[in-house]
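Just below sit the structures, each encoded as structure tokens.
Below, chain A partners chain B and then partners chain C, in two separate complexes.
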Partner chain A sequence: MLKLVVCIKQVPMVTELPWDEKTGTLRRDLAPGMMNPACKHALEAALQIKEKHSAHLTVITMGPPAAKEVLYEALAMGADSTILICDKILAGSDTYATSWILAQTINKQCDKADLILCGAFTADSETAQVGPQLAERMNLPAVAYAEKIEVNGRTLRVRRIVDNFRETMEMECPALVTVSMENYLPRYVGLGGLQSAFDENQIKVMDTATLGIVAADVQKEGSRTKVRRVFLRKTQKENEFFTGVAVNVVHEFLNKYERKISTVIGKSIEGKERTRGK
Partner chain B sequence: MQFNPCMKHKLIRDSARHFAETELAPIAAEIDKNATFPTAVAEKMKKLNYFGLQVPKEFGGAALDSVSAAIVVEELSRVCAAVGLCVTVHNGVAVFPFLQFGNKKQNEHYLPKLASGEMIGAFSLTEANAGSDAGSVETTAVQDGKGYVLNGTKIFVTNGGICDLALIFALTNSDQKQLQSSVFIVESSCEGFLRGELEDLCGMRANPVSSLFFENCRVPEENILGKLGMGMKIGMTTLDNGRIGVAAQALGIAQGAFEAAVKYAKERQQFKKPIASLQTIQNYIADMATEQAAARLLLYRACELKDAGEPYGCEAAMAKLYCSTLASKTTSLAVQIHGGYGYSKEYDVERYFRDAKVTEIYEGTSEIQRMVIARAVLSKLTL
Partner chain C sequence: MENKKKSIWVFGDYRNYYQNRVTLQLISKAMDLAKAINAEVCALVFGHEINEWIMEYTAHGADRILAIDDPALKSYSTEQYLVIMENLARERDPEIILIGATDFGREFAPRLAKRLKTGLSADCVGLEISPEGLLVQIAPSFGGNMLAEIVTEYHRPQMATVRPGTFKEIPHDNSRKAQVERLPLIKDLPEPRVRLIEYERCAEKEHSIENAQVIVCGGRGMGNKNNFAKLHELARILGGGVGATRPVVYAGWADHDALVGQAGKHIKPKILFSFGISGAIQHTAGLGEADFIVAINKNPQATMMKMADVAMVADASDVLNSLIKELKKRIRE
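So, the complex of A and B:
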């Protein structure tokens, strides 16, 4: 039986959140949480693999007690068991520390996992680092931004699109794949599944002591990045209005922006059509 | 006393909202215009347990609590009230009577089919001369051997055009001195079960509301729900539950109209500023928000009482009365805030405005709700 692990994250449900200027962190408390969209695609990929092959699927998240919510959702969608890594000392951990925490958890709780899936990036910080870092921590082969995963025995065939090129790669299990949002449209959550998730409550809550994680490896001490300053980018777009007779407006517009447009589309727009109008 | 939604209720709302916004929002205006029921979306809903909201797991249902079921109806109605109506009628007044009065054999036979949506249910009490006065039903069921023969006409049957099973209220004693009504489980495949044309209604147009005709329609004796003569009891018990559903539906419509109005008020510029900055509009928004919060508490209180096994008829009537009045008021204000655009079919609030009105009429008019509430209040020894 394949052992699948999906790492997911709870993110705020709005696209723009205010910052706490003192700490440089997002005010996550101001918006309700949801499962990070790319993580949901990764979960869907795992569920489709589980439907084709005999597999056990464990879903892991790290966060405050409220993050249980995304685990209930994962259970409703078809996960077999879930783990919430929850400890106050984990607050402030960056991707480097987070990947360590996840690696420790998988090593201790999901012995001999065959395939670990992560969302390619999160909607709140978009670093896309945790998946690849986790692969490094666990010394696993990995492919990022996958849009298709095929399992054939112990061999994984993974397809991805990078820089407009489609790549197909093969690797042996155990391995890690981060899943993009190109494919694997997540299934709807069934109402009966949700009720069962709460009735059966297959969530294991674990703290750092149980997982053998020490403060020095997490929080600020264990983190390699430091937020120096956070600022909002100022919008520099301005509307410009051209008024007058249509023909003149078009000429005025083209005289002013011809070069910019040509640069963007990669060819000159000076042609017969334009000269005819003069 | 818990006023904040628990994690389960939040997830139920998020899931139903995601489904409604993805599947129903793109087609809601079109199916309203063409008066067509979205069969393909309903097929998806069947697989997700929308037709077995409170049916126990053993029969294939979702086994939700009443607040969860209300939330689901709210969220569907927030986007498409006609589909919210289909779901709340199926669950609230077609499935619920089985859970309350069905015998083992009936439940084992029908509940799995109803919960999976293989059978869509309807509830047929209303007739040309029997609306608020439920005792004036004229459809008859005359015993003939081991079965009954039904004759009569039911009107304004929600889901009438698509139902596979209807609960029919009929008189089972021809002796005029001792009229009693009973409820029959009638499958649409029965000979003598005929559907009328779909009604051309003001709102809820995507729901196939129709008349049902029974012409010498023979049903076996075992299709009597509960016991012979229990019609009035089944009807009243079922309507108490149905009122929770209609209250949820009305609240969902109000929520949809409210959100549209707030969004528009922030965008619409007049006097070189958003109209949301005008005090009059702010007053409308404040009133809508306050009344919706109050309505939600009334509705969930009725749900909690029901799940606790306490009497909830009066509270369900209060919730239905308040939520439906609110829906009409909120949708009217939403149109007002939109100005001329709100009167155009280009904007959803025009549809919400038409959909809201009937929530004050069906499952007991607002006048009947007041009667129910007043009776309950006046019969109390202490207030």
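So, the complex of A and C:
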């Protein structure tokens, strides 16, 4: 039986969020969480593998208690078991620290995993670093940005497009793959499915102590990068405002900038308005 | 004394050299940084028959080139490059390593950082040297208009990735000289565990916007897919391309190829039209080199309006329709 692990992350629905126009920041307090889209594609890839081969699928996330929501969703989609790593001392971990915790958890809770899947990147950070670093932590062969994975015995065949090259690679299990959003459209789970996943309540919540990790190690493998300062970008230009009905605004604008536009587009729009008369 | 000099390394990512100049852009940035910490700029080139790249990196400002030319390296291999880089970095102790955020770089850099037990920040939009001599890695911070200054205080090298188009290359200068060290392939380089079975270059995209003179960008303020589609009409009239924000791409109004910003393309048009875009930093990170910006937004306070040379306070679709109509008239007559 194949042992599959998928690492998922809950992210705020950034693109749906209103902005606080005064401070220029996202109203994160209003953010409902969702499963990171690329993680959902990775989960779908795992589920499709499970449909063809006998497999056990564990889904892991590190996050706050609210991250249980995405685990319930994963159960509803078809995961067999789930783990939430939740510990205050892990808050603010960078990718170096995150990959370490994930590796520790997989080693301790899913010994001898055959295939670990991650999303290619998260919508809230886009670093795309955790998957490759997790592979290094676990000393596994890895391919990033996969759009198709085939399992033949212990051999994985992975297809991807990177930097304008279409590549097919092979490697042996155990291995790690990060999944892009090109393919593997996630299955839809109705409300009923979600409801029954809630009832089953099969989420293991673990902190570092229950994982058997000592504080000194968390320290040693902790974040390498530090955010020293966050600042508001200066944006105000010496600019010109046109206000009013669209048609008039457009006339005004074109009359003033006809020369500039003509030069750039290599076609003349100059003087046409004036000669035409009003 | 001489080998005590600090070094800033730039990984030579030459695979799409003619379309993607990120290595040259990083060499130029490294030259600025090098002045502040009295360091040399060193480019690394691994591959087979790589003289062309050695010459290019020299002409674009590298002081030193570390080159490994061997048939075993004839195609890109993350695993082999990792072993080589890790070994070289341990032996020579660079202060900083900069890597282009190509697909390759984004897979390679985090793994290298883990091996060297150091930090890495992704997609920096600015790099500076602090008064203490640290590399300040400036990256868009989550949400709105904020930038974050990230430092790797206690570990070396300090590492960052940068998207293509973020910095400017310096002009080619054939009279420049670099110290070229040709190194032998590492003994016992392990066979890669990931085997490349086949690969082919994809067909070039015809309408890449990276080099367009005029770009018409649309955001969520376009309202719906149909309205958004009309941006193509304006782009066609102006002989330009269409760009989009991330929510628009996620909503399926535009292809991923059109995405402009931190996670997408960095553009440098002579004229940029920005329709219904708020100007979140992750988007404007890709507009660094737009010459002249015309923004259309209902909200005069939107950041995009403040960044614009011309700001039109009006409905985006109305302005778009009028512009199309008016331009058609003027160009034809």
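The rule is simple: the second predicted complex is superposed on the first by the 204 of 278 C-alpha atoms of A that agree within 3 Å, B and C clash if a C-alpha of one lies under 4 Å from a C-alpha of the other, contacts with A are read in each partner's own complex, and residues count from 1 in each chain.
Basically, a residue touches a chain if its C-beta (ideal position, glycine included) is under 8 Å from a C-beta of that chain, and two chains touch if they have at least 3 such contacts.
Just so you know, these numbers come straight off a predicted model, no measurement behind them.
Touch criterion not met for A:A216: it reaches neither chain B nor chain C.
Touch criterion met: A:T225 reaches chain C, while chain B stays clear of it. Contacts of A:Q195 after superposition on the shared chain: chain B is touched, whereas chain C is not. Of the two partner chains, chain C is the only one touched by A:V143; chain B is not. Once the two structures are superposed, chain B and chain C can be ranked by residues of chain A touched, with C on top. Of the two partner chains placed by superposition, only chain C is touched by A:I261; chain B is not. By the touch criterion defined above, A:V249 reaches chain C but does not reach chain B. By the touch criterion defined above, A:T95 lies against chain C but remains apart from chain B after alignment on the C-alpha atoms of chain A. Once the two complexes are overlaid on the shared chain, A:R233 sits against chain C while remaining clear of chain B.
For chain A in complex with chain C, the residues that touch the partner chain are 14-16, 19-21, 23-26, 28, 37, 94-96, 99, 124-130, 132-133, 135-137, 141-145, 157, 161-172, 223-233, 235-237, 239-247, 249-251, 253-254, 257-258, 260-261, 264-269, 272-273, 276. Interface of chain A with chain B (complex): residues 32, 34, 66, 68-69, 72-73, 76, 188-196, 198-199. Chain B contributes residues 7-8, 10-12, 14-16, 18-19, 22, 44, 47-50, 52-53, 57, 61-64, 68, 72 to its touches with chain A in the complex.
In the complex of the two chains, the chain C residues touching chain A come out as 15-16, 19-20, 79, 102-104, 106-111, 113-115, 117-123, 136-137, 141-155, 192-202, 204, 213-214, 238-240, 246-247, 250, 262-263, 270-271, 278-281, 292, 294, 299-301, 303, 305-315, 318-319, 321-323, 326-327, 329-331, 333.
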